[in-house]
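The following pair of complexes shares a single chain, chain A, combined with chain B in the former and chain C in the latter.
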Partner chain A sequence: MFLVLLIHAALALGVVAARSRLGRSSFAVGAFGPLSLLVWLITNGRSIADGIPHRETIGWVPSLDLVLDLRVDAYALVFLYVIAVAGICILLYAARYFGSDPKVGTFAGTMVLFGGAMVGLVAADHLLAMFLFWELTTITSYLLIGYSDQQESARSAALHAAMVTGGGGLALLAGMVMIGTESGTFTISEILANPPSGSAKMGIAWALVLIGAVTKSAQFPFHGWLPGAMAAPTPASAYLHSATMVKAGIFLVGRLAPAALMAATWWQPTVLSIGFVTMIIGGWQALRQNDLKLLLAYGTVSQLGFLFLLVGSGEAKLLYGGLALLVAHALFKATLFMVVGTIDHEAGTRDLRRLSGLRTSLPAVFWVAVLAAASMAALPLTFGFVAKEAAFDGLVKSGGGLVALASFASILTVVYTGRFLIGAFGRHHPGHEPATPLGPAPRNALVWAPIVLAAAAAVLGLVPGLVAPAIDAAVVASRATAKAGKLVLWPGLVPALGWSMVSLVIGSVLLWQNALVQRATDIVGSASRRLPSADGAFRRSVAGLLSFADRSSGLIQSGSLPRYIAIILLVAVFVPATALFRGGISGGSMPVGGLLEAILGLLIVGAAATLLFTTRRFAAVLLLGGVGYGVAGLFAVFGGPDLSLTQLLVETLVVALFALVLRYLPATFTPARFERTMRLVVAVAVAAFVFLGGLVAFSSRQAAPVSDRYVELSVPEAQGANVVNVILVDFRGFDTLGEITVLAIATLGVSGLVLPIVRSRRESP
Partner chain B sequence: MNRRPSPILEHGVVSAAGPMLVFSIYLLAAGHNQPGGGFAGGLVAGVIVVLAWAAGGPDTVRRIIPVRSSVLLGLGLVVATLTGFISLVVGGGFLESGYVERTLPLIGTVKVVSPLGFDIGVYLVVVGMSLGLVRALGGEPTEEEVGS
Partner chain C sequence: MSLISLAVAAILFGVGTYLILQRALSRIIIGLGLVSHGANLLIVLGGGFGGVPPILSDGVDPAAVADPLPQAMVLTAIVITFGVTALLLALALRSYLLTGTDEVEDDPEDRRVAREVHPVVEPDPDEDMHEVVA
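Our next item is the complex of A and B:
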């Protein structure tokens, strides 16, 4: 399995590196990534389905206890098959979809990288490793949506998707960390075997995890990013935004639901409500779209809602139908996206008001679309029907009228599926309008890649026994229950069949009376325009965030150096001073000194006091230097010749550099009275804190000072008699390395800031 | 500076610069056992730079230390980091110290410790910093800036 991940990574890098030579064949080369996954699945799948999970452990950062634990059980197997099969078909399709744009190689590499991340997400057995792959899919998705980076709409759609799913990712990370620390392990299989019990804290943790899944799988109220993501080239939409990535959230809730149920009683009702609302909103919006791709996108939102509630509810009988539907959805939706891509590619538009007569000009594409659409609408004899029967059966058994809601959403599905087919392929104004002009019908992957997927779905529809054992095993693996459902061609006269038939019949009638539906959607549409929409909420929150950032940075970044320094000093005083007062000041003893110290102290205090009353800048700098020299003298008296020497030199250098800068400043100070008072307050606060803090710190030592040990070890360990130097270059060498790096960067920064100003002034006096 | 710097001052600084540089290098070399070290040594060299600049401007600085500040900064960081890595290669931890003891003719027994290399890096960075700051801040202000 690790090898499969490596192959993906290597292919992604290789394809990007060789992009100018490969051109659009990059996709065909990249298809070896999912192909390697498929080979792995075929060789290892049988024993996994038999109930023996495949495990691999690779040490990653052993010192942090981070290992790359991979564990593929039968539940993950279903997802991996979808990733592999959809990946191969869509990558080969993409190799014919794109023209000779030089950027396609990078696009192909990103797709392959995404495929690898998806495999890692599904196979990871460590929460944090899973999160890493999760974020990787977010980032690759961002890059793929924003492929047409010349278009503002594509860029903002990519940003929208990244912000929503990335924000959800942060919530997910927080939830994962809480769950991991509470259970004492980050290994998913161990958490599931021994889930943390319920508490207020765990309730928050599971809510955060749910937010992550909801954003990723485009559930209400975060579904707005998915239709926007249709700005991506169609292969990416087919792969990421219908077949795989949006199912990551579903994978996650399905994986963790058993543990979540143990801790949070609200989990199931919440998941069910979110799923149903999403399902109905998505289906309703799909009725109103004229862009074929957007129609499919909203259809995907609807289907994701259904999958989310089936897989995430934690009920084994719902999970069964959910997984079957997940496979069915990947097959028919990827097919339909590719069909739309082919139409777009050939006709130059995907607006169903402008397309006409494609049935005769693209017959093969038409029949593929019919096959896939039949599966989407769940007509009998298709795999979509088989899966939906299983799902409805589970809902009927759960009771509570759930099946009626699902059945209502299915009516919408039937109607928008009909709109899709009629809109794309029908002849709208016979006699008046010529068919959309086309070149010769394509005979390459643009046609046969969807055919392969549609054919796979058709075969599964007729012989559901081919996939049933895998679904059985997946449910057993994730819920430890016996067989929870069945996939059959003809369910017999059960309630679920009745519900299916009801939605099919009502859907067909509504499709027949299409004008009625359009009027209804128009009325509701114009009424709901005033209601808050997910898109509008997102746009408003981004605008609000930006204006908040503007205002707060205007407040904080005033550009006034004295104000910056005052803020830094006050914070530096306030935080430890609070701690000091909370801990209670236990009286310190004044250190006593001799005559020499007294003289030096008077010198320092005298220089500082004089400083207060000078108005000339240069005098102030010299007096500051005097304070520094006095401190250097104190160091020398207390037996620190090194410190003393360094202090003397630093003071000298600082005074000299100050003198250089002073040439640019007025010779005297003229600050306003108010400002002088404020400075006085800050100065007194800092001085008082340093004085008191020094006293308290001096008298409250409990542990032996670390310096004793340094002195002891200096000669034997570091061959140096000067302990100060030994500390600098040996014991704390890393610190010094950091400090000189800062020194170098600061110097470059000063040069970079000052030199251009000086130069520009010289050029334009 | 509007007026010519005093030639006597300039000559004096240039003559003193050599011995002072030797002193700064002595501080660097002796630092491991006596007061001094790369930081103090580098600062002494920095003071030379400031003096040279005050006495004769950028040209005098270039006569004494004919290297650009960025070169010294980069070289210093490289030397310091490499020293750390050498101990890693030899078999210790990063920046772990070791020493070589040799008896040289005429001089006697000399013990060279590996932190000396690290200290040389510190020294170079500090000198580079002084050069860079003096060059950046020491530009000629225009007439109105002086008066304003």
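Our next item is the complex of A and C:
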């Protein structure tokens, strides 16, 4: 299995590397990826279906418990078969669909990588490894959808898909981490064998996982991205919609539902409600589309809703029909997408109002479409019918009127399937310019790839026993229930048959009275346009986010340097201040201070306060000097004569320097005009923080000062009585070396800045 | 350390900050000088209750001397502040002689970014239904 993943990765890279030489044959080369998967499935599938899961473990960072655990059981087998078969057909189809353009090779590589990620997602037995593959499908699908990067619509559709599924992925990751830490293992098979029990925390975790699956599988209210993803070239749409991407969410809920049911009582009703709402909304929207591809896309949304509730409910009898329907859906939906692609390729449009006369000009395509559409509408003798019977049978046994809801949604399915066929192959609508194929009908993969899939579906429809054992094994692997349902050509006179016949008949009548349906959808459609739609909500939230970002960055990054400094200072004050106040402030035994300190303090504060108001530069410099002298006095009070002397000396030098520079500057400051309040607030905040912080910090000393050793060793080790001097030149001599270096650099800077001025003054006095 | 000196250091920080937040370069440099004084004072205060100067001549009790380490650090700091002040003054002078003003201007690029607003793109409902096939 690991080898299969490696083959996908290597093919993807190889195809991209050789894209200019391969051109559109890249797809044919890439098809070896799913082919290798198919070979693997055929060689290993029998023992897996017999109930012996295939396991592989590849150490990645074993010390961190990061191992790539692969485990393929019968449940995963169903998904893998679908991925392999659909993948081969679609890639070969794509090799004839595209023109010869090196860029196509990159697309082929992305598609192979996407397929490989899907395989990894299904085969991974470690939650985090599964998540990695999950995100890989998100990223590659973004690239696939946004392939036509010259088109604004393709770019925004890709972004929409990436943001919805990526956001859901984040929720999924959080849920997975919570589940993994709660159960003490990230190995999926162990979690399923020993699921964590219910608690408020686990409830949140499972809700997060559900959000991940709902976004990925385009369930209500996140279904908006899937129709948008139609911007992708048709082969990619076919792959994304039939076998992969959207099936990932179905796979996930089906895989984890047994554990989720143990912890969350709301799981089943929630999954059922989401599924039914999605089913009906998707079917309804499909009735209103004129673009064949969009019609199919909304049909996918509807079908996904059905699959989601069947597979995600965790009931063995529903899971059985769900898996059968999943296989059926992959076969007919991939076929129909390829049919649409061929029509688009030949006629140059997908607008069902314009297409005309395709039945005679593309006869093979027409019959393939009829075959697949019959399966989609679940006409008897098709595999779609067999699968839907199994699903309805499970719903009837679950009771609660579920089957009635599903039957209602099936009416919509019948009607939009009819619209698809009539629209694609019937006459153009009055008032629309007809579009018919120009050249002769193609005789390559554009035609035979859908034929292969449609034929496979037809065979399964007539001999459902071919696939029934695999489905049964999958249900056993997931829910340990054998014979949860049955796949038969003719179910006999059971309630399920009645329900599906009712939806078929009503659907056909509605299709016959098409004008009535159109009027109804128009009326409801114009009314529902005022309701908030998923797509509109997404666009508004993105626009809101951008305008919020614009406004906040405009506020913070205003270009005003004083404001930047103010923001930095406020953050620097408030972050530690919150910690300070959480700990509580106590001054401890801080002495007030002596008379000498008070006098010096008054002097300093007086000078500093005057500095605030003076507008004459020279006065300001003298006041700064005054503050410096006062501080020197305070140093002396605290027992630092060296400090005091240095400070006096340096302060004098600073005043002299200022005096040299001030000769050139105007005598007074321009009075500060703006932002006085802001300055005042920041200044007070900084001062208060320094005072309170000092109060706490100085009264919480616990260890003995390190300098005790300096005092002790000063005379015996360094032969010096002045400890401060000894520290500077001996104990911490390298610090002083650093200080000298700083001074040297500052000197270079000053001379570089000032000497040219001096020179120019000398030349032109 | 004492409450009075701590308050003095805090006020120096406050006044210094107020001056730094202005636009005249020489005021900013003076503000920076005040903040440096406050910081130096804080470090010395961190050394404890003070004491006799840490010069171990005869008759000085080593237990009664002030903490010498903060003093050594502040000594270094004073000198480095001097270097920085000199460099800033040279910069201010050069800037004044070149631009004729002592004021810090707003960053024009940041101003432009701040004014910029993302356009809200509405999707076109009548997009062509045929995809571009390369």
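Just so we're on the same page, the second predicted complex is superposed on the first by the 545 of 765 C-alpha atoms of A that agree within 3 Å, B and C clash if a C-alpha of one lies under 4 Å from a C-alpha of the other, contacts with A are read in each partner's own complex, and residues count from 1 in each chain.
Here, contacts are C-beta pairs under 8 Å (C-beta built on N, C-alpha and C of every residue); 3 or more make two chains touch, one makes a residue touch a chain.
As the structure is a computational prediction, the values presented were derived from the model and not from experiment.
When the shared chain is aligned, chain C comes close enough to touch A:G601, but chain B does not.
Number of chain A residues touched is higher for C, counting chain B against chain C.
In the superposed model, A:V39 makes contact with neither chain B nor chain C. Once the two complexes are laid over each other on the shared chain, residue contacts for A:D642 go to chain B and to chain C alike.
In the superposed model, A:V488 lies in contact with neither chain B nor chain C. After overlaying the two complexes on the shared chain, residue contacts for A:G733 are found with chain B alone; chain C is out of touch. By the touch criterion defined above, A:V723 reaches chain C but does not reach chain B. In the superposed model, A:T741 makes contact with chain B only, not with chain C.
Once the two complexes are overlaid on the shared chain, A:V758 sits against chain B while remaining clear of chain C.
In the superposition on chain A, contact of A:L516 is made with neither chain B nor chain C.
Taken together, the two structures place residues 641-642, 646, 650, 653, 657, 661, 664, 666, 721-722, 724, 728, 736, 743, 746-747, 750, 754 of chain A in contact with chain B in one case and with chain C in the other. Put simply, chain B touches chain A in their complex at residues 27, 31-40, 43-44, 46-47, 50, 54, 69-70, 73-74, 76-77, 80-81, 84, 94-95, 97, 99, 111, 113, 115, 118-119, 121-122, 125-126, 128-130, 132-142, 145-146, 148.
Listing the residues of chain A that touch chain B in their complex gives 641-642, 645-646, 649-650, 652-653, 656-657, 660-661, 663-664, 666, 717-722, 724-726, 728-730, 733-734, 736-737, 740-741, 743-744, 746-748, 750-751, 754-755, 758, 761-762, 765. On the chain C side of its complex with chain A, the touching residues are 1-15, 17-24, 26-27, 30, 33-34, 37-38, 40-42, 44-57, 62, 65-69, 71-72, 74-76, 78-87, 89-94, 96-97, 102-104, 106-111, 113-118, 120-121, 123-124, 127, 129-134.
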